[in-house]
Amino acid sequence: MDNTDQISEKEKKTEGSSHKIGIYLWIWGLLFVLSFFSYMVDWYQFQGMLRWSLILFFMFLKAGLIMAFFMHLFWERYALVNVLLWPMTAIACFIFLMAAEFQYTFITRMFYFFVGGAA
Amino acid sequence: MHAGIIFFLVILGSILFHIFTPWYWTDIASNWKGMDDTITLTFWVGGGVFIAVCLFMIYCVFKFSYKEGRKVEYKPEDKKLEKILTVATTLGVAALLAPGLIIWNQYVNVPKNSIEIDVMAWQWGWQYRLPGEDGKLGTTKVVNINDDNPFGINMDDPFGRDDVMVQSDIINLENNRPVKILLRSVDVLHNWYVPQFRAKMDAVPGVVTFYWFEPNRVGEYEVLCAEYCGVGHYAMRGGVEVQDPNSYQEWLGEQETFSDLIAMQNKEIETKKGCKK
Amino acid sequence: MSSDPKIDGFELKPGFRGMASDTGSDQTMFKGVHWGKAMMWIFLVSDTFVFSCFLIAYMKGRGSTPVEWPNPSEVFALDAFGVPVPLLLIALMTFVLITSSGTMALAVKYGYEKNRKMCGWLILATAIGGLTFVGMQVYEWSKLIHEGVRPWGNPFGAAQFGSFFFMITGFHGTHVSIGVIFLFIYAYKVFAGHYENGGKRGWFTTMKGDYVEIEILGLYWHFVDLVWVFIFAFFYLW
Amino acid sequence: MSDEYENNKSGYQAQSSEAITGSAGSTSPDIDYVRPAELPEQDLYHGHTFITKWVFCQDAKVIGVQYFLTAVFTGIVGLILSWLMRLQLGFPGLAGFITAEHYYQFVTMHGMIMVVYFLTALFLGGFGNYLIPLMVGARDMVFPYVNMLSFWMFFVAVVILMASFFVPGGPTGAGWTLYPPQTILEGTPGSGMGILLMLVSLALFVIGFTMGGLNYMITVLQARTRGMTLMRMPLTVWGIFTATVLAMLAFPALLVSAIMMTLDKVIGTSFFMPTILKAGEVLEYGGGSPILFQHLFWFFGHPEVYIVALPAFGIVSDLISVHARKNIFGYRMMVWAIVGIGALSFFVWAHHMYVSGMNPWFGFFFATTTLIIAVPTAMKVYNWILTLWRGNIRINTVMLWCLGFIVTFVNGGITGIFLGNVSVDVPLSDTYFVVAHFHMVMGIAPVMVIMGAVYHWFPLITGRLLNETLGKWHFWTTFLGAYSIYFPMHYLGFIGVPRRYYEMYDSPYMTSAVGMNEFISLAAFLVGAAQFFLIFNVIKTLKTGKRAPKNPWKANSLEWHTSTQPPEHGNFGERLPVVHRWPYDFSVPGAKDDFIPQTTPPSEMVHTKVEKT
């Protein structure tokens, strides 16, 4: 039983020292700012590649901040991080191929179902 | 001991079955001999591996069956052997993959001089449409389909008017002329498949799919539906008649075009009106 | 947990060398990670696949329809003082959800510091944030339904717009609602002191309660926020 | 604290000082040192009443048996359906009650039951639950309560599935792949209640399985005993573990497609439904994509194949090694092959869709990835037969099933190379070649392993040895029967006979294939009937069978070294075992016996030439 208390005491200390409240507030603020920026993408009606790259950039930045700090992945050991991130390659492959697939379907439909759709 | 013998007989039986089987593929009637050749190649390589592995296993069963106090090899790993086996297998697989990819490349690249055929499928039947003198098929929509427009051709499409319509489940093809089959379904998945041509592709509602082949043997063939399409799936048959160019042209001349159909319908309407008067 | 735990007889190496030695060691692969926390992480990966499949299906559906896709910027606009502001409600929802995510992160921190009061109040704040989000989503749905958007069709364009919208936000909303229920439960548990003095055995488990459960709950809640980031980008901004 | 819990002093997070100075602590010589336990002992809930002990039980072993029996029950239903199908195919018209509707319902239910509710549940739920905690040296699964819920969720899923046989319209008859638009269109058998129940049942199965899968994964990753590194785990655990990872990542796609299809069916969305003309009327659907469903389905479906295959690979490796009295050859390679196959299985799904009308350029990508998988798979086969080489092979029933597995698996694997190679697939897909291929490789081969595993672990579970003579009869009738069903069936595919034909009608294919169809049907009846050997054997053994000595096969892995046999709740009695070596130290030169249990410390084996630990 003594052990229990000791360990949690130790934990408490380390928790306190490495996670100052400041870091959470910082990330919190950053998330608001980034959300505001991605909202601005729509507000100013950017179009085309610029819009896409801005959307994706802000999205990944926000997602990364949430995962890294709010979900503590930044402080986790690599064994866990490694296991969690590898499966995402399967999703990346799925996304990539489905992007090719929807374009193919779209072109086929335009070509065969709409007069002059091939152009 | 008897176990090894039975396993051996199974392998022997498989080989004999393969040699003496009366059931083998139908005589090919299209340009896709490459597919048959790749199958044959895979058969030799794969069959060889199968026989080798099984014979090795049977040998082990004979040679190393349980004897009290037999000296057993203790060798958890053999890096060299494993490496050799990996490399050999990789090479073998690559050798099988290469022809497969080459033929697939031919399969998805349709020759320029091929004639397009619109194959329309429904539960449970087929009908066909050929391009008219302009050499192009008109665009279609499912919602346009009705008795007056059995193929659902878009009325404002200039290419659609001269399309040749074959409202029958039998289509004639010209010998030695590549055809691009454009598959279209109005309800569920179907698949226009003639075993002798080897090629097949699903007909998917909502899109148009394609494949091509070049018939090279005059004759009549049965079309099977090869994608499950409901309770009538097994009975969904059609026919292909491959003809020499002269008879094909003759047949083609007998078919009616979309404008023929429209004209006929207009006449019908007029006669009906006339009757009423 | 933040800092590396102490493991008897095992040297915790940093970085990738640590990854190799942790993976190659006996007993546990994730050193010092609570079973429940590891479970939540794996579950979240699985859930990521669920949402990815939804979003990939959405991409395929939207990309391949020949009918014009409604412009989300206009469909989701809201009149503020007589002026239509694009995506106003969505911006507010994002704001609320991120706020609740921040309070949750602080709740986890105070939980580990065994600050029962702060932890409990912050969880409660998170729950209320979640509830607000769900409420706003209900408003958004009813507004759209009022405008004639249905899962099988809508007046603005492609029928799939409504289908994917209701399905994806509905599925996300379900996650939020489940989260809110658990947030209330855990707020009660924290206030009731289930994690103090060695912990009380919970239901569903024979394990004793510990503040690590707040972190597990936090992981789930942040995940819900994370999904919203992706939905916001792909559904509302695309 | 309730008295139902073990009197355990420490909380979860604490480092129990008792565990630190465990069995092999300070007193043994240095070479036996195994570092102390990181975690305290797990608290277990011990049931006292019949209900908590045998029905809502939290013991993974009981849950495993519950899973096993439920899965076997569905398997028998699947078997009966296959008999009915073969009756129609071999002797059309003989059984007048089998209409085309019925036939397609049988096909659908047979496929779904066998793949999901029989094989997946049996390998992961059954063997996984029973063996994982025992083999990694844990007291139980890490979340016993969730584990129990997992089984009951599965049970409800099975009940709902079976209920669909009795609703108006019967079960769905859309083929086990449930391809839309077919599946939910009027006119397809069971397009009303049948398909809804199927989708609900699948969703419940996924939810239930997720609960179980989390347990299996965390138990393997976080609850191994002292000294049990990942590279000392039996391959059985590796196979089941990797399959579980696949399931956790693949089932979401099934769940999503089931949800979307339910919405299409119930409220009329058009995710998978394009404009459809049915009986002269345009339905109120439009713009959807049937191919999207196929992608989602096979993104689940291909890993699903390996969910069934990988546990079989793992288990058969262990059985071969134990009964050949020789270490598994190339353990490291075997592990990496399992992991590699598992990882690659997420990048090959569309090889089921070469002729589906998807983007034709995908063919190149998927053919390449598919044939890459052939390499690790081939390595596994080599390693199995190299394990036999210079071994000391007991030709008993268990080994016979393993040999049968090798023959059928290699046969089915080779035909897989035909079908994976894109342009070879074109003439063969949707024909009986495919049917023969997947039955051989993921029907017969895994079932061979299941049977072998039953004969192998039966003494552990019940304490009695199954009868060998009956076992051999069972094996030979099953193996020879099954082989003569599926080997000739490939040749029907070469002719071009399409699958899912209720009868051949008046086609030229009818005449050439009729004799073979009759033969195949007769063989199928025989194989099904042969399973009575097993049922009879089990009943006879439970009543009068020979009592098994402790560790009857002289195996090394931990499940045979429990305090009692069959193991009780908590598995290992007072002390958890401490592991010092891999589980394949058979016939080590210099050792007294031809096996060294995993718990034997190095100090007792100083004179032997142990190469790998």
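Points to keep in mind about this one:
All chains are identified by letter, namely A, B, C and D, in their written order; residue positions are counted from 1 within each chain.
The definition used in the following text is that a residue touches a chain if its C-beta (ideal position, glycine included) is under 8 Å from a C-beta of that chain, and two chains touch if they have at least 3 such contacts.
From a predicted model like this one, the values you see are computed outputs, not experimental measurements.
The most central chain, judged by C-alpha centres against the centre of all protein C-alpha atoms, is D.
Just count the C-beta contacts per chain pair and the biggest one is B-D.
Chain geometry summary: the mean Cα position of chain A and that of chain C are 12 Å apart.
A straight line joining the Cα centres of chain B and chain C is 48 Å long. Note on chain placement: the centre of chain C and the centre of chain D lie 33 Å apart, centres being C-alpha means.
Chain B has its Cα centroid 44 Å from the Cα centroid of chain A. With touch defined as above, residues shared between interfaces to two or more other chains in chain D number as follows: 11, 13, 15, 249, 287-289, 291, 295, 299, 361. Multi-chain contact residues of chain C (touching two or more other chains): 23, 29-31, 33, 38, 45, 49, 52-53, 60-61, 64-66, 198. The multi-chain contact residues of chain B, meaning those touching 2 or more other chains, are 141, 206-207. Contact topology of the protein chains: irregular, matching none of line, ring, star or complete. Touching chain pairs in this entry, ordered by label, are A-B, A-C, A-D, B-D, C-D. Residues of chain B touching chain A in their complex: 139-141, 154, 156-157, 182, 184, 206-208. Within the complex formed with chain B, the residues of chain D that make contact are 100-101, 104, 173-175, 179, 181-182, 185, 187-189, 274-278, 282, 287-291, 324-327, 329-333, 355-357, 360-361, 363-364, 367-368, 371-372, 374-375, 378-379, 381-382, 385-386, 388-395, 400, 403, 406-407, 410-411, 414-415, 417-418, 421-424, 426-431, 476, 480, 483, 487-488, 491-492, 494-496, 498-505, 507-509, 512-513, 516, 584, 586-589, 594, 609, 611-612. Listing the residues of chain C that touch chain A in their complex gives 1-6, 12, 15-16, 18-19, 22-23, 29-33, 38, 41, 45, 48-49, 52-53, 56, 59-66, 73, 86-87, 91, 94-95, 98, 101-102, 104-106, 109, 112-114, 198, 215, 218-219, 222-223, 225-226, 229-230, 232-233, 236-238. Within the complex formed with chain B, the residues of chain A that make contact are 105, 108-109, 111-115, 117. The part of chain C that touches chain D in the complex is made up of residues 7-10, 23-31, 33-36, 38-39, 42-43, 45-47, 49-50, 52-54, 57, 60-61, 64-67, 151-152, 158-160, 162-164, 167, 171, 198-199, 201, 204-208, 210, 212.
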